[in-house]
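Shared chain: subunit A. Partners: subunit B in the first complex, subunit C in the second.
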Partner chain A sequence: MKHSLCLVAIFAWLALFCAPASGAVSGDGKTAYAANTAAEPAMAQMPDPTDESAYDDDDDYDYDDEPFGEERVTISDPLEPVNRIAHVFNDRMYFWVLKPAAVVYKAVAPEPVRISVKNLHSHLGYPARFLSCLLQTDFTGAAEETGRFVINTLWGIGGLMDPAAGENINLEKQDTDLGETLGVYGVGHGFYIVWPVFGPSSPRDSASFIDEYLLYPPFYIRPWYASTALTALEYVNSASLRIGEYESLVGAAIDPYVAMRNAYVQYRMKSVQARQARSLLFKEETAGPPEVKEAEDEN
Partner chain B sequence: MKKRLTRISLIFFLVAAFPPGALAGGMFGPPQTLSAAAGGLNTAIGYLYHEDTYKNHPRHKMRHNIIYSQAAWGKSGMWEIYGRLAAADMKMSDAFRSCLPAAMNIGSEFHDYWKFFGTLGAKGFYPVNRFFGGGIFMQASYNPGKYTDETPVLYNGSFFVADLEIKNLWDINLGAGLQATLPGGIRAYAGPFVYLARADARMSHNIPGLPLGTEKTFLKNKSPGGGYFGADIPLIRGFRLNIEGQYTSRFSAGAAISYVY
Partner chain C sequence: MRKYVLALNLLMIFMLSAIAVAGEPTTAVEASVNQVLDVLKDPKLKGEEAKSVKTEKLRVIYKGMFDEMEFSRRTLTRNWKNFTPAERREFVELFEQVLEKSYLDKILDYSDEKIVFHKESMIAKDKAEVQSKIVTSSKEIPIDYRLILKDGKWKVYDVVVENVSLVQNYRTQFNEILADGTPEQLLKILRKKVKEQ
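Entry: the complex of A and B
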């Protein structure tokens, strides 16, 4: 019953707040997101990459540097005051709770053990990734995921090792979720949310809670505190393998909140584009500029 | 008369040999480790159909279907240690066949489904040259599960159900082998081995004529040893196929696919 309520709540949330990405794919094949009005002071100083007059110097060159350009991606942030509170809360949680626990855990557990725990966590995420690949019509990805699951179960000691990722077999993990699946179908972010404990997200990407909980087998372990303890172990284990990454991100930023938001939106946009490129339904649209395809057709 | 019959039956149970409950831990594999020379892991999944007879009276044929997952660590092409998590069923012929006409039972075969067990082993290898070498191994298994089966019995007009329980199965294997490396990286090997297998057995009812008793007793293998032979064949992408036959008083055979990290 609880699970059904969660599902209904998430879908209602998505239906209410996730407008389809307005002009999701423009003529040049680029994704346009809602503009942020309050953030990114640093980006405001930079010339608009779509304004060609700002790059007059490039007129002398006969190559097109557009493929190398970074897309300017922003997200609306109407909940910024609340999000900032949640950001500070998460920041304190990281430095006061998670990092000390991860440091102690790192001292106790050797790296091979921690990597094995990470592998097992990833292994158990197979149902969610497989479903996402199917929904994205990435059947190659679904097959690769299944191959990985079988190989790692049989020859990876139940998922503790990852022989499928080795250079001999080289089956790539399909790192995707239901939020990206919605993105592949053109559902926009909506707006930026910082969930306490869970971190940056959006109404669309909050669908990933289904991956992380409802489609994650250990979630159904009873009693409840056993599954909660496993989740906590995963958080600490994951943090122990990435100590310093968060610190360098926030340490180099003038406004860590904005830096985090930009990094998150940029990362998710790239992920969605990568997924679209693998989708049977959408890969034609992301294959390249229309004029290139037309030229290829003429040849 | 009844008392005398009971006493005779009891003596028969005590002195009679009991059906064996010995365990086979799986295949032995080639004497040389598959792991990288610098040291590394190799894993395998395998299946072994194991059959054996035992010298106890009356003789029984014991059959196991064994599946296992193995992780091994080896180095220098000279030594390896390994562990297995396995599951095996058990079938035993004539476990419930009474030799007395007064006791009738329906069905004589003991059968129980898969139980988990563990195996640990180690092997050492000495290469004579690039192609030949010899090695020794030791492998031990312990099965903490209980195999149980029941049989309906009609004795002197009374009908009841008797349970047979076999538990604490363990075995130790010691062997030596010669290995030849053939073209294509195929490793052929053969050698002798000795083994010891034990288990506890207990019957819930005293059934006259049935070679099982209410007393706790141990079961043991008939043959002290046997021979094994096999081949380890490279497949693609780091996988290898190992096929092996073992002979004690009956023939067993299995196959495993291993992956070298």
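Entry: the complex of A and C
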């Protein structure tokens, strides 16, 4: 009996002791949430911005040991002066040509039409994605892509709609290309290239031109200007669905060129890692993404 | 009596664990995001003239949601110690303004997109990643929040948009400037940026 009383006492004490701390945790969400209709009480909860000691703190943090540290990744950029010129050229092209065209097009074509054009473009990219899935030994992905192609051809009005991605069938598009395929096999970027018109790339990722042209059936439409016009339409169409994205990236950047380069490398690294995780050959090795090897010390 | 005590003990254990669950990182982020959505959807705050009221309300929310100090330090990493306390203070302030001005319009543009929180991973005892996505009619945008536990509160110190970590992105930019520039030069660039926006 005494024993149980003791236990009660200990628990009561524990509960009392922990209450303020853990209360604050849940309060972070709950009380602040309740207070939001009247902003003033929430204001009182704000952390004191004049905490001087934080600014005097001289600890030599380099955050190399942080759990996400393995993602610190860069790319060598020996062509920087030329790349910067191409970057400015692409920037002007976007603001002077592509964006105005996309704005007009957006006003003329309702969103469902534009999404259908996008779906069709993606539908016709099936051969390229199928090949990449096979080469990556992602046979599930190859099968899913084939399933999507059949379903969307038959029930998606030849690819204008994407019922395969709907909730009932739920076959996601395998968004991959030959650049990623090389990445899965451990090929590094090499160095950074900004292609005029086409944008950020690298020698490795330039392999994706094969996907976009040689493996893309409309590329073979003759006369040549018909397929070029089609490509231009696809460009404008996809831009019309993404107006504002490039602007916000550039608007938030201190050095837009460096911001783009880093965003590109981070994005591609994550994609390659995701593809490796699906690959039968490389599933086990995903711990060490190939790009890390070529990372140069940023500091 | 013994039964009663047992029940009481069980109740207490249950209560303690309930508090722990409520403190999960996802709850913290989701609550803040919901507050933001409430402000954005508030019918009383429609139109241009309510924009400043909205901005003010949003500022209160994200101040409680983000750890701007952690964010700033992580972008500067080792360079932090080359800044004097006064320079650090100015840096944190300017950087916050750059971020606010860049992303506020984007947030105010919100029009009924769905936001789904679908995964939480504890990376360390005091670090977690909460994955969410914004679903629009034509696309899905993955947004991951990285949180750190400080004084019993989960605060966001990095946002990963479409697999691009903002901290890393700014870190590269600042490193490039500080590689052969002084802290003062970086501050100058930031001041100019804030003025232009």
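Everything below uses one rule, namely that the second predicted complex is superposed on the first by the 216 of 299 C-alpha atoms of A that agree within 3 Å, B and C clash if a C-alpha of one lies under 4 Å from a C-alpha of the other, contacts with A are read in each partner's own complex, and residues count from 1 in each chain.
By definition in this document, a residue touches a chain if its C-beta (ideal position, glycine included) is under 8 Å from a C-beta of that chain, and two chains touch if they have at least 3 such contacts.
Not measured: the values here are computed from a predicted model.
Applying the stated contact rule after C-alpha superposition, one finds that A:Ile157 touches subunit B and leaves subunit C untouched.
Looking at the shared chain after the overlay, A:Pro110 reaches neither subunit B nor subunit C. Of the two partner chains placed by the overlay, neither subunit B nor subunit C lies in contact with A:Gly147.
Applying the stated contact rule after C-alpha superposition, one finds that A:Asp255 touches subunit C and leaves subunit B untouched.
More residues of subunit A are touched by C (comparison of subunit B with subunit C). In the superposed pair of complexes, A:Pro100 makes contact with neither subunit B nor subunit C.
Legend: residue contacts after superposition of the two complexes on their common chain; A:Ile169 is shown touching subunit B, with no touch to subunit C. Contact with subunit C, but none with subunit B, is seen for A:Ser271 once the two complexes are overlaid on the shared chain. Residue ranges on subunit A touching subunit C, taken from their complex, read 1, 4-5, 7-8, 11-12, 14-15, 18, 21-26, 28-30, 32-33, 36-37, 39, 42-43, 45-47, 52, 54-56, 58-63, 66-68, 71-72, 74, 111, 114-115, 118, 241, 244, 248, 251-255, 258-259, 261-263, 266-267, 270-271, 298-299.
Against subunit B, the residues of subunit A that register as touching in their complex are 151, 154-158, 161, 163, 166, 168-169. Of all residues in subunit C, those touching subunit A in their complex are 1-2, 5-6, 8-9, 12-13, 15-16, 19-20, 22-23, 27-28, 30-32, 34-35, 38-39, 56-57, 60-61, 63-64, 69, 73-74, 77-81, 85-86, 88-89, 92, 98-99, 102-103, 106, 109, 123-124, 127, 137-139, 146, 151-154, 158, 162-165, 168-177, 189-190, 193, 197.
Subunit B contributes residues 41, 43-45, 69, 71, 237-238, 257-259, 261 to its touches with subunit A in the complex.
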